[in-house]
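One structure below.
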C-alpha cells in the first residue's frame, strides 16, 4: 500500500500498448511517424502553435528549457523549495553553463509577483551582480498547491515588464488542471509562459516527458541542446508513442483526476493535520514519529518529510481499498 | 527493405516482454529490483566486479564516462571519425566542461598505439598546451572494423605508460564479440579498458544502454553526474529490465550474430566493391550515383556515404528474403 | 576626500618603483627572476611551504582556488553576503563549471561552525541534492569584522570532520592581521585553511594579488587553470615584483595598519552610529538620507549602503586632515 | 642578446610613465578618467564607433570575444596552428562553455576562403554535427605572415554569406600594419571583422591588451563576461593609461616598425634559410642542431621550433649591435 511517490506507480496499460504498437522499423531519432505528429497533437491540445520535444526526465525538460531562456551569466528566480533547486543535483547550472538560481520564499512553494519584484529590486544593475533572465514556477507546486490562470498571468505580466522569460515546471500540471478545471492555454501561454515541462511519467507514463515551447523560435537551439546532452534517443518513436497515448482521449486528465480524488479522500480524513490545503495529488500531514510508525506498521508506505511531518502522494492507479484503509487509519490516529 | 541503420530496427520481443513484466509498482530511480541486479549481472558477464549504470543513449554513456576520466582542462585522444567527434553534437565538451578531442588518423576508424604515441609526443608538456588524459576507441569502429583483444591490450599498455585512462565506445561491441569470438573480458578490462559504453539499442534493445565501470572508484561520481545531466530516470526499472532481458541467454550475442551474418552475406555479394573488410554489421561499398539510384529504385534503403560510397547496416531482425534480394541486386550491378 | 573604496586609492610608491625596476628583458610568463622568488618569499612569510601564484584580481584568486577545491557537481558553503556570492558576477560557477554556493546567515558576514553544520545536516545524502565540498570564509569580512585564529580553527576542524576543504578570501587579510596582531600562520594553514586569496590591491598594490596554496598538491592544476582562464600574463614579472615589494619590510602590514588607524578614528567619532564594531578598515554607519547628503555636501565621498546606512572605507594613504575633518563632521551630525 | 620572444622585452618608457601618471585616486573598475577615454580614442583610431575593453592577456581578449560570437554548441573555424588552438590551454572551450575549434590547413598559418568553405561544406546540417558560428584569423599569423585588407575582406565576405562571425587575433596586428602600410580600418571592420583582439604587450606594452568590438551590440555581454572571468581589474586606470600611451603619437606603430625592421635585417642575412617570407617581426629559419648550437654558444637566445628549425622574434627595443651580430653570425653559418 504505497503512497511514497507517483514515480513508483506502474505505467498505464494504454502506454504499454502504444509502445508495443510502435515496435516496428521506422526512421531513427525523431524522424518517425509518431515523433512527427507531436507538434501537431500538442498544438491542438494547447490551442496554439507549439514545438514539442520528448525527453525522458523532468530534469532534462526543465533544464533544456532554462538553458535556452537564460545565458550562463544571468539568473533564474524560483522558489527555495523548487525541484530545480533541491532535487536536480545542480542540473540547471550544468545545462545553462553556470546560471544562478535566486531563491524566493512563499507559502507552499508558491511565489508571488511581489516576491519576484522584491528580488529583482535587490539586485544592483551593474556587472558585479548577476542579473536575472528568467522566472521558473512549478504548477502544481512541490507541496501540491496550484497556481490559477490569473496567478500565472500576474507573474507573466511582471515577467514581461522586467524583461524576464517565464518557465513552468509542469511535472504535475495535469493535476493542477484536474483540480481547477482551468484551460491548459489559460494556465500557460495565455498567461505568459514561454516554455513548459509537461510531465507524464508521474501520471501514468513510462519514460516520456514533453518539453513544450510556446516561443517556437527557440526550437532549433533546443533540438541541438537535446542532442548535445545525450537526450536525443535513437529510437524516439517509443517516447513519442507514449506521449500520444497519454493525449488520446485525454488519458492524462483522467489519470490526474483519479490521483487527485484519492488525495482529496485522504485530505478529508486528515483535515485536522493538514500542513497545506489539498489541491493536486499530494497530502502533507503533521504526524508524530509515533503516529508515523503506527501507519508504517499497518503497511502504509510514505515519505518522512522532516520532524513531525509526512508526505502522501496519490498515484493514478491507487486501489480504492488501500485508500479507504489509509483514510480510516489516519482518522483514527 | 531497410539497410539504413540498426537504430531503425524494432526492439526484440523479449525486450518488450521484460518491460511489460516490470510494469508494477516498485521503488523509483534505481532502487528497484531490476536496477539492483545490474551490477551483479554485468559483473558475472565480465567476470570481474563492475559498477553498471543504465542510460538511454550511447552519447550519455560515452560522455558520462569521459567526464569522469578527463578533467575540463585536458584532452581525449580519439579517431577523427569517432562517434564522439562527428556525431554527438559536441557532447564530450558539454559533459566534461570543455575537454578537447585530439583527432588521430587510422584506416577504418581504428587507431594504433603508434598514432597515440605520436600525438602525445607532439604535445609540449607545459601549461600552454592541453595535456592528454584519456584515450577513447570504438569497437567495432564506425566503419565496422574490430579491435582484437591484443590490439586493445597494446593500447591499454600504452595508456598505462603514459598515465592515460582508456574508454571504449562499445555501441557495437556485441558485433565485435560475435565476429571474433573473443571473450568480453579480454576485449575490455583485461586489456586495460577503464570504462565501457556497452550498446544494446542498435542490437535489439529499446532505449537502454549500459555504462560499465571497471574502475569502480568512479561509480559515485558517475551516479551524481548522471542525475545532474537529467539521465537518472524515475522509473528506471524499465531500463534495467531491458538490459537484463538482453543478457538472459545471451540474447545480445544472438542478435549480434544474426546481424553480422547478414553483413557477411552482403559483403560476399559485393566483394569487389568493399571499402573495408566486413567484420561487424556494417558494409561500406563503392557505388556510383547511378548504381545507388538503381538499388534505391528497387526498394532498398541505405545511407549515402559521400561521393561514390554507400553504407549498408544489418540489423538483428533482417529478413532473409530482403537480404538475398539485396545481395543479388548488388552482385548484378 | 574619498572614503568610497580602498580600490580607488593609488598604489604605494614602492610598488611603482618595483615595477620600474622590473622593466628589463626577462623570461616570459612566470619564468622570470621575480616570479621564481614568490614561492620562497611567501613560504617564509607563512612559515610553511606554500605554492604562490600572482593573479590580477581577487575574483581570479578566489575562483581558481574554488575550482581546485570543488568539483562542478558539488557546493561551496559561504555567507550570504560573501564577495563570491554578491560581487563576482557568478564567477565561482564559471570557474568551477557550475558548482553551487550554499548561503549561510551570520552577523557581520561571519559564519559560525554551527551554521555550517546545520547547512550540511540539511542536505540529504543522495544524488538528488548537491553535496558540499568546500567552505569559503572572508577575513576580514565584507563588513570589516575579523575571524580570530581560534575562530578559523574551529571552522577548520569542522571542515576536516565533514570532509570539506577550506578557502579564505583574504582580500583584506592584512587588515585582519593588523587588527588582531595574530600570526598569519595561525590565521590560515595552522587553522586548517587549504587555499588563500591574499589581497594586495586594496592595500596599496597596483594590480597583483596572490593565490596561496597550503595544499601544494593542487599547484599543477591551478597553474593550468590560471592559463586556461587567461590569467597567465606574459610579462608576469611586473606582478611578481609588486608582490615582492609589498612583502619587503612588511609594507603590506604597514599599509594595513595605516588604514585601520583611520577607520578607528572614524569609528570613535561615530560610536553611536556604528552598525558593526570597527575592526579592519571599514566603517558602517547609520545615517539618514539628510545626514548623508550633508556629508556629501561637505565634499566627502562614500558608498550608500542601502536605506539609512553608509559605508566608509579607509585606505592606506588617507590624509590626516581629511580624516580629522570627516571625524569632526560625523561627530557633529 | 635575446630573440626568444617579444613577450620577454621590457615595456616602453612612455608606458611606464603613463602608469606613474595614473597613480592617483580615481574611480575603481573602469569608471576612471582613462578608461572612459578608451572608446573614443579607439573609435578615432579605427575611424568608426567601437566599444573597447582593456584586459591583461591576449587569451582573455580572444576568448571573451569568441564567447560572445559563438554559443557553446557551435564551432569556430581557425588554422591548425592558431594561438587559440595550440597555446591557450583550451581557453576557448572554457570561455565559450564548450564550443569546438575546427582546424584548417594553410601555408604559414593563413587560412583561405576556399579552406573555410570546404570545412563548412563538410559539416552535415543536422543536430548530430556541430554547426559553425565563427571564424578566427590571426594577423600577423603565428608564422609572421600577414593578411592584406583584400584577403581579410574575402574571408569577411564569405563569413557573411555563411552567417558566420569573424574574429581577428591581432596580437601582432601592429606589425601587420607596419609591414603593409594598410589602414587599420581596411584590415578590420571594413573587411568584415566583428571583434578584434588588439595586442600591445608584445609591442612594448606592460600588461594591457585591447578587446575591440566593431559590433557594439555585444558590449554589455562582454562587460559581464569580463567581470565573471575575473578580468575586470579594480584599478583599471593603470591598464587604460597604458593603452592610451601606446596610441599617443602612434607609439604602437613606431614600435612595430622598429621590430619589423630588425626582422627584415635578420631575414636578409638568412635569405637562403627562410621557412617563410619575413613580413612581421618573426623569422623562421632552417638550422641544423649544430648550427643552432653554434648560435647559442655565441650568446644568442631563440626558440627551438622543432627538428631543424628555429624561430627568431624581434622586439621593439632590439639593440642594433646585437642585431648586426646575429645577422652576421647567421650569414656565416
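Letters A, B, C and D mark the chains in the order given here, with residues in each chain numbered from 1 onward.
Please note the rule applied: contacts are C-beta pairs under 8 Å (C-beta built on N, C-alpha and C of every residue); 3 or more make two chains touch, one makes a residue touch a chain.
Model, not experiment: these values are computed from the prediction.
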Farthest chain relative to subunit A (centres taken as mean CA coordinates): D
Comparison of A-D and B-D by number of C-beta pairs in contact, larger one: B-D
Mean-CA-position distance for subunit B and subunit A (Å): 34
Whole-Å gap separating subunit B and subunit D, where each centre is the average of the chain's CA atoms: 42
Inter-centroid spacing, subunit D versus subunit A (mean Cα positions, whole Å): 50
Residues of subunit A engaged with two or more neighbouring chains: 72-73, 88-90, 94, 97-98, 127-128, 224, 227-228, 232
Touching residues (chain side subunit C, partner subunit B) in the complex: 71-73, 97-98, 127-128, 131, 221, 223-228, 232
In the complex with subunit C, residue positions of subunit D that touch it: 2, 4-5, 7-11, 16, 19-20, 23-29, 55-60, 63-64, 88-91, 94-95, 201-202, 206-207, 224, 227-235, 238-239
List of subunit B residues in touch with subunit D within their complex: 72-73, 75, 86-90, 93-94, 97-100, 127-130
